[in-house]
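Just passing along the structure, written as structure tokens.
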Amino acid sequence: MSRPTPLPISAFPYITDITTRWMDNDVYGHINNVTYYSFFDTVVANWLIESGVLDIAASPVVGLVVDTQCSYFSSIAYPDKVRAGLRVAHVGTSSVRYEIGIFRNNDTTAAAQGHFVHVYVERKSNRPAPLGEKHKQALEGLKA
Amino acid sequence: MSRPTPLPISAFPYITDITTRWMDNDVYGHINNVTYYSFFDTVVANWLIESGVLDIAASPVVGLVVDTQCSYFSSIAYPDKVRAGLRVAHVGTSSVRYEIGIFRNNDTTAAAQGHFVHVYVERKSNRPAPLGEKHKQALEGLKA
Amino acid sequence: MSRPTPLPISAFPYITDITTRWMDNDVYGHINNVTYYSFFDTVVANWLIESGVLDIAASPVVGLVVDTQCSYFSSIAYPDKVRAGLRVAHVGTSSVRYEIGIFRNNDTTAAAQGHFVHVYVERKSNRPAPLGEKHKQALEGLKA
Amino acid sequence: MSRPTPLPISAFPYITDITTRWMDNDVYGHINNVTYYSFFDTVVANWLIESGVLDIAASPVVGLVVDTQCSYFSSIAYPDKVRAGLRVAHVGTSSVRYEIGIFRNNDTTAAAQGHFVHVYVERKSNRPAPLGEKHKQALEGLKA
């Protein structure tokens, strides 16, 4: 297995700040590997909401998560703060592959990074739905 | 059951900022009741760390949580931000009762509030240990 | 503050089994205090679903959590299993106060116990709604 | 991106039962993608503990998670029960790559599957440590 190289924060057009919580630390005193995916989830949703693309309660089309992955390079521990960076790697007809970097405090090299793939479906029927124009335009700004 | 009155943010000498996460919202679209206790936990630990009282890895004496309670007044939902306020209600020989208010975004009236009681014990023996002088002094600054 | 006495498992008419997870343990090697409320939430919801009272997706009336409390007597740690006991303490016009005991593995004395208060509201308007007949009948079976 | 094919439960030599929790469901009414990694974490740790390989409190050597991945095929929702299957894909000098399948209730085709890579390090120095003999023997039983 070849390991990816940690990306710099400058590789990510969108950054969001996340505060860690006491219970994020596991028995070894570091943020548990599971919790990083909560950061992934949050940076994607923050961007979608700020871009005006996602209305949690009312959107007729929603993104289902079909694939996620994370490589862990170095540890983060509460009470560290986290910066999560987001960029887009691939835009399909009804899917988007995002890449995410997780940075500890003011570090500029990723402590962890990975991907997150959304497939868009109609909320009621669960059938694939093409990305909207507004969403595609917003994704232009996420290209690395 | 008589309901407590929501406190103003000015009732709390210490305030910490917490970011919410996508997965904090439950099926009804609001932060789940459980997650508020994660905010409680975090504001207490933030204060202890900033006061120089808690060293997670090395402290020979640790606080065990023996009682917590929360009254919920109004809902908060991701992507809201949270401010958590902390004050001390009672200082015993080896215990501290904190009171906590949870505020939505810039609201100045609590969306939820409750208490959190720590009993201090020796990490190795689990026997009660008196509060340290530094801790007692720091608690003076948390009196409402 | 007077401490409650741990209840026996026989005090609870309804019991549900819960498995613990690696990440439930915090840095001190025990289930974090926050997670107990997830057990509270789950035993109440399990009972409501098994009683045919709650349909998560379709119920026009939903229970809002307005008050929760937990006293912690002794620790539980992953990979322990948990049994959560449920009984009803008070039934109002549109509210129910449940009492919950948390038991470690086959222990018959509670490791933690507390309460959980639901107020029923119309999902759309958020206005208080009286408990349904089916719910009130089911609650008869939860009386200690 | 080619999608993996869901594996049958018979592909996994070790199975563990996991109960879901009310708060595992997100705003769309399904188990949040993050929570699946908590199931991954738990099936690996359950197997390590049952195999006598892991002593959470005392092990001088611990497994650091360096890479995880999950493909989601179909949804699971509380109050569903989960079965998590575990097999080993690769054993290195100081690392193990596990493969995990997540099954809904009595379904025999995976609802989600992925991998989880542990690198073993000395707890104090954080330097890579070879897998112990007992661990290597136990891994023989996890080969598909």
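Order of writing sets the chain letters: A, B, C and D. Residues in each chain are counted from 1.
Following the convention adopted for this analysis, a contact is a pair of C-beta atoms (placed from the backbone, for glycine too) under 8 Å apart; a residue touches a chain by one contact, two chains touch by 3 or more.
What you see is a predicted model; the values in this text were computed from it and never measured.
The chain with its Cα centroid farthest from the Cα centroid of subunit C is A.
Set side by side, the interfaces B-D and A-D show unequal numbers of C-beta pairs in contact, with more at A-D.
Note on chain placement: the centre of subunit A and the centre of subunit B lie 29 Å apart, centres being C-alpha means.
Distance from the subunit B centre to the subunit D centre is 33 Å, each centre being the mean of its Cα atoms.
The geometric centre of subunit A is 22 Å away from that of subunit D, both derived from CA atoms. Multi-chain contact residues of subunit D (touching two or more other chains): 22-23, 25, 27, 29, 32, 34-35, 38, 41, 56. Residue ranges on subunit C touching subunit B, taken from their complex, read 1, 3, 27-28, 32-35, 37-38, 40-41, 56, 62, 64-72, 90, 97, 114, 117.
Those residues of subunit B that touch subunit D in the complex are listed here as 22-23, 25-27, 29, 32, 34-35.
Every residue of subunit C that touches subunit D in the complex is listed here, in rising order: 17-19, 21-23, 25, 29, 38-39, 41-42, 44-46, 49, 56-57, 77-79.
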